[in-house]
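Going in written order, the chains are labelled A, B, C and D, and every chain counts its residues from 1.
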Amino acid sequence: MLKYIIKRILLLIPILLGVSAIIFLLKTVTPGDPARQILGNTATEEQVQELREELGLNDPVVVQYVRYIKNIVTKGDFGSSYRTGEPVLSEILPRLGTSGIITIGAVAIGAIIGIVLGIISALKKYTWVDSLVLVISMFFQSVPEFVVALVLIMVFAVNLHWLPATGITSIKGFILPMVTIGLASVASYTRITRSSMLEVLGEDYIRTARAKGQTENNITYHHALRNAMIPVAQSIGTSLGNSIGGGMVIETVFGVPGVGKYIVDSITQRNYPSVLGGALIIAMVLTIINLIVDISFVLIDPRLKTTIIAGGAKKPKAKAA
Amino acid sequence: MSDTLLSVKDLVIHYETEDEVVEAVNKISFDIKKGEVLGLVGETGAGKTTTALGILGLLPAKVGHVIQGSIELEGKDLLKLSEKEMRQIRGKKISMIFQDPMTALNPVKTVGDQIAEVVLLHNQCSKAEALKRAQEMLAMVGIVPERYKDYPHQFSGGMKQRIVIAIALACEPELLIADEPTTALDVTIQAQILDMMRKLQKEQGTSVILITHDLGVVAEMCDNCAVMYGGELVEYGTLEQVFDNPKHPYTRALYKSIPSLDKDVERLEVIPGLVPDPSDLPEYCSFFERCSEKCDKCNKYDPVSTEVEPGHYAKCLQYMKEWEG
Amino acid sequence: MAKMHTPAMEKIEKKNKRRKKPVNSTPAYEAWKRFRRNKTAILGLVVVCLLILVAIFAPLIAPYDYTAQDYTAMMQAPSAAHIFGTDAFGRDIFSRVIYGTRYSLVIALFCTIAALFSGGLLGIIAGYFGGKVDTIIMRIMDIFQAIPMIMMAMCIVSVLGNGIPQLVAAVMFASMPTMARNNRAAILRVRGSDYIESSEAIGVGQVQMILKHMIPNAAGVMIIFFVGFLAVSIMMMSSMSYIGVGLAAPTPEWGLILNDGKAYITSAPYMMFFPALMIMITCFAFNLMGDGLRDAFDPKSK
Amino acid sequence: MNMKKVLSLVLVSAMTLTMAATAFAEEAGGLSGANCDPANTAKTDETLTIGFGSEPSTLVGTATGNTENESMMIFSALTDNLVAYNSLTGEIEPQLATEWEWVDDTHCKFTLRDDVTMSDGTPFVADDVVFSVKMWRDQNATNETGSIFTECADPVADDEHTVTIEFTSNAPDIIRMLTWTNYGIVSEDEVNAAGGFEEVGKNPAVGSGPYKFVSWTNGQSVVIERNEEYWNQDYAGYYKQIVFTFTSDPAARIMAVQSGDADVAYAIPTAQASTFQANEAVKVVNYTFDQVNHLWFNMGENAGATADQKVREAIDKALDYDAINAVGSAGLTAPALGYFVEGNPNYNEVYTTEERAVDIEGAKALLEEAGYGDGLTIRALGLSDIEPVYVVMQANLAQAGITLELDIPDTAQFVGQAAGGDYDIIIVGEYAAARFPSIFIFFQNAYTFCIGGPKWTTDEINAKIHDFIFAEDQESATQIGKEFEEMMKESCIQTNLFPAVNSAVTNPALKGFNTLERGFMDPTGFYKE
């Protein structure tokens, strides 16, 4: 097991190098001068050039890139934000917490609703219930995120005053962002659960359980559900990963200081150390989450234990996520 | 009557889909006594498995329908029972084992749990006692009891079939239906499984319906033998009657097609033609197209199973008065 | 002929009499039969055809020119003259939404084709060749996934300006990781099946293998992604406009109209309601069709 | 989507603005920092929540030459100035300085109050003024704050409570600039205690103002609370605590007010705010602030077609100023007929409404003469706030065969392009409440980095501007101003569009919405009946 984990962690390095290289490339291409952004629009050209020298912005891209990577590797220093001067790491970690909480909450909401709807529509196959579930789950996937967000604010904050409209000064501020992101993912969870349940219900061991005299409900919840959850867990894992950095639109509408908003603001302010640091940290979090998700499958599906531990050789017939 | 465990009368089962209706089982009647091993023989598509599923009430929902007939277990007609009552019988009074052991066990639960489950379902006892019973059953089927904590994928095909048998016999059922238990296994393992089944059957006095298409297995295991063709019981009798003195043309054709050691034959005899299409069965005798002993009346009447000799029945016009007339 | 006549049989016999000549059942015909039986999928198909018609005949349907401004009639609620009301410049929202159908559908089509040929192709190659090629491509996809989509979009737009090709490029890059992963999974499922191994055994060349064997079999799954992605790209376009990297002003693309109306959500909600409704109906139709296709092509997972 | 409050950032960075009460700000202005409304006498424990559009990078702008609006407004609540401007009377009134007089044509002597204590408890003395002026001069060498002290000697503290400050000139309105929020007085001990110029912005425990800094949670909010020992006893300070939050989406900010989470949603686009007039759940506040939006034609070295006067006049004839005004200020003001706002002492009516009327044929004729008969494409540069006005122009110019492309980048890219003259036309306004030394900034090459404008000037223009600033009395100033505007009109360097309007949406029960200079909101004047 340890060898597998180390292999996955080593894989992280090329990814991080790739991410930082591409962002460096994008940085040089994007117009708008960071030095000008720091000094404000009234600074003179000489002052701007002087700051560019000081920040090493005039060095060739490769030199800047090597220096950046060296700093991270040797001192774990992700550079400091042009805007506030704080080290990028200390700015991002609390925001990672906020985004993390919202993502976990959103995925939980999406998964729970999705799985329940998926099971219902699997058990009630070909009835009007199945089509109704399909329509409901499709609905939230068909409306742009920020429309859902603004409508939720209007209903729950403006009219009902139950929840704060923006900001997370109080814990209740987390609820609406979670619900918005969660609802959008309900459709995919419903579909995965439904098809996985149908597949499992057709398996022989379900018939064996029936032959034992087991009740339909127990068969659904003890036998079928647990097996059906494997592909669902895989999709939860992957979506947990990529929605960490993805909540930009939602974080902007709700004014939530998450990682997504931090990167968007940094891009607008041409605050490149923050953009780079943010993207790298998200890449790291992404890989670690995917690793944790893969390992947790072993707890759910013992069959994977042998494939995972035996050097991760994937059988060609493995059901890819 | 007292020692009859199960009696099936005029059982008809159809599979109704949007495009066609499959007449899987057509008016079958037979009885099983306590401790008797009945071999149910026939080619694939003859309705063997459907009969078994009909007895246990496990026909696929919305598609499988019992059109008529009765299945009486100790005087109670199973077809009239509610789902709840039927559940008390499954696994307790009647249990079933299936053909492919590789997929018959739940991959994410330990084998101990899966055996204990049927014990817990039918007896008031604690989980620990059920697990102890599970270990006894594992020992009975020849598996090291300590392995009850392992998962199905850690066992070979043969071992898995033993576990399935352990599950089926855990509550000492009165009737065990085995649907081609050894077909998916290779011959050596097949012999071990069959020996073990016969040993357990003798110890617990369980009646068994052994569904197979392998006459050798029937010869080895069964007391009586029932031959099925086109969803009908074409011949029924004791092993000696059916094997040594087959009455129905289909049974006779079956024996001719078995390669025997003492006769060296250039080509094996083959029954010409194909198994009838169950969604388009003839009104007359289903074996008519392929029968070598037929006469011109055979495509006018649908023969009824007649008692050719005590306890030996055959469904063929030869043994009915219309044959001469 | 049958041993016994039951009511179910009569029903089927009546139905068989009405059917004309028996059709040889190709997989496509079977899929169409299953698709036709799925009511929600048919609903989706009908709506999509309607939208295509609206896009083609937009000039006839729209009562006003979508750029005509009338500052005396700014921000009027829906009325007889303006069915969907007017926006902040006095332009008729109904006409803009109708013309918008053209932009949204055409751009969605381009985005999907671009995504299929970029991410999709990479996924197929990774899935088919496996081993080293697979890990390299998948790692590149991980890299792209870690790069925030908005930065990619902003850079493309700030360098090349707002326009349809830039938007398509932005959506293509943003969707590449997911598209590659989906197609790779589709190919892996096909690759593992026996008919591929058997055709390898008889010495079928690699390119031919992909074209003749793999893609037709994985076609079902790919069509599902194609239709599903049409919905996703429309949604992406609207979030791109929200972030300010979408198309330039006066283009009547739904995402842009929605974004213009976003400011007036509490005071003039109709400005946002109708474009959002159109986006929802279109994505709904595509998703329903996609789901119907999934059931039709992949009965096992039905 | 625009991250920063765009319009005012652009304006304040390059120009000076003036404070003026307007016809429809519901209270008359008055002393900035003081309770302008006599009814505001209560002192409560309530908290006021103000929703800003974007988060400043520092709260003491003048310590690092930063000019963000949000930081200026918060800073104004923490500090007092030497003098204050009373918009009712138009007079400059004492605040920390009781009286002041010019000693010669560059030095002015101020007598200071002796009963004021700074935020760290130490008494307010002349040395604090010396330190503040040096900070203004050295840390803000390239923006307006420092422009009135360039190359001046350090101020001299004659004794504990008198100080003489050297200015670049004794222009009539130079002292009025000291009323701006930038010129809040801070003490050296406070700045050093906070860790020097770079650090004080993050922990601004400075100034002697009516409120004191409490905390700043990055990305969320800044909290300040009432200074109980404030020297000015007749200032009540209704709210014990003021919380500034940051939500970039205006619609979300308004909803926060509607839901009661916030009391004020600042900097809402006027057209969006005007749709809430009929909504009793909120109150809409609109105010002009002595600033007119001007359309400038690029006439600098990398100018395109707009270098040709005929093209400029053709564009001027094709524009529909009524439509532009209707969209730009939601019809709250009338199209501008002069460079200054009506009611400003320097106002001249240079255009007549007939000249402003749309003349498509005339425009086409001019284009023919200029050689663009078969069509012309020009590019307009702006930020998303001004985009609606450009969309109207787009339709207007299309009538005359001119295709207007909109270049709407994000702030960082806009600033680079606007300063570099990378545009054909651009809309920018100038805060022109009085004859500040930086008036008509677009022509003054003293300011090397200026956003927008013609990127072109002549000595004759600069001389005329100098005469205007140093005119002895108002009549002659207004006359020189009129001549300058005639000069601009004659060579069609720019056209006046409409007076800029700032809007905000507040809790209906909230009163005391006072404005400072440059359209800033005074956070300390609010109260409830």
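Keep this in mind: a residue touches a chain if its C-beta (ideal position, glycine included) is under 8 Å from a C-beta of that chain, and two chains touch if they have at least 3 such contacts.
Remember, it's a predicted structure, so these values are computed and weren't measured experimentally.
Engineer: Which one chain sits nearest the middle, judging by mean Cα positions?
Structural biologist: A
Engineer: Can you work out the whole-Å distance between the CA centroids of subunit C and subunit D?
Structural biologist: Inter-chain centre distance comes to 48 Å.
Engineer: Could you give the separation in Å between the centres of subunit B and subunit D, each centre being the mean of its C-alpha atoms?
Structural biologist: Those two chain centres are 93 Å apart.
Engineer: Per the centroid of Cα atoms for each chain, what is the distance between subunit A and subunit B, given in Å?
Structural biologist: Subunit A and subunit B have C-alpha centres separated by 54 Å.
Engineer: Which whole number of Å gives the spacing of the CA centres of subunit A and subunit C?
Structural biologist: 23
Engineer: Enumerate the residues of subunit C that touch no fewer than two other chains.
Structural biologist: Subunit C, residues with two or more chain partners: 154, 158, 242-243, 262, 265-266.
Engineer: By the touch rule stated above, which residues of subunit D touch at least two different other chains?
Structural biologist: If we look for residues of subunit D contacting two or more partner chains, we find 1, 249, 251, 255, 258, 409-410, 413.
Engineer: Give every touching pair of chains, nothing left out.
Structural biologist: Chain-chain contacts present: A-B, A-C, A-D, B-C, C-D.
Engineer: Under the touch definition given earlier, write down the residues of subunit A that touch subunit C in their complex.
Structural biologist: 11, 14-15, 18-19, 22-23, 26, 29-32, 125, 131, 134-135, 138-139, 141-147, 150-151, 154, 158, 187, 191, 195, 198-199, 242, 245-246, 248-249, 260, 263-264, 267, 275, 278-280, 282-283, 286-287, 315-321
Engineer: Which residues of subunit A touch subunit B in their complex?
Structural biologist: 203-205, 207-215, 222-223, 226-227, 300-303, 306
Engineer: What residues on subunit C touch subunit A, complex-wise?
Structural biologist: 39-40, 139-140, 142-143, 145-152, 154-155, 158-159, 177, 181, 184-185, 188-189, 191-192, 231, 235, 238-239, 242-243, 255, 258, 262, 265-266, 272, 276, 279-284, 287-288, 291, 294, 300-302
Engineer: Within their complex, state which residues of subunit D touch subunit C.
Structural biologist: Listed in rising order, the residues are 1-2, 249-251, 254-255, 258, 269, 271-272, 275-276, 279, 320, 322-323, 326-327, 384, 387-388, 390-392, 394-395, 398, 405-410, 413.
Engineer: Would you mind writing out the residues of subunit A in touch with subunit D in their complex?
Structural biologist: My answer: residues 30-34, 36-37, 39-45, 47, 83-86, 91, 95, 150, 153-154, 157-158, 161, 164-169, 252-255, 257, 261-262, 264-265, 268-270.
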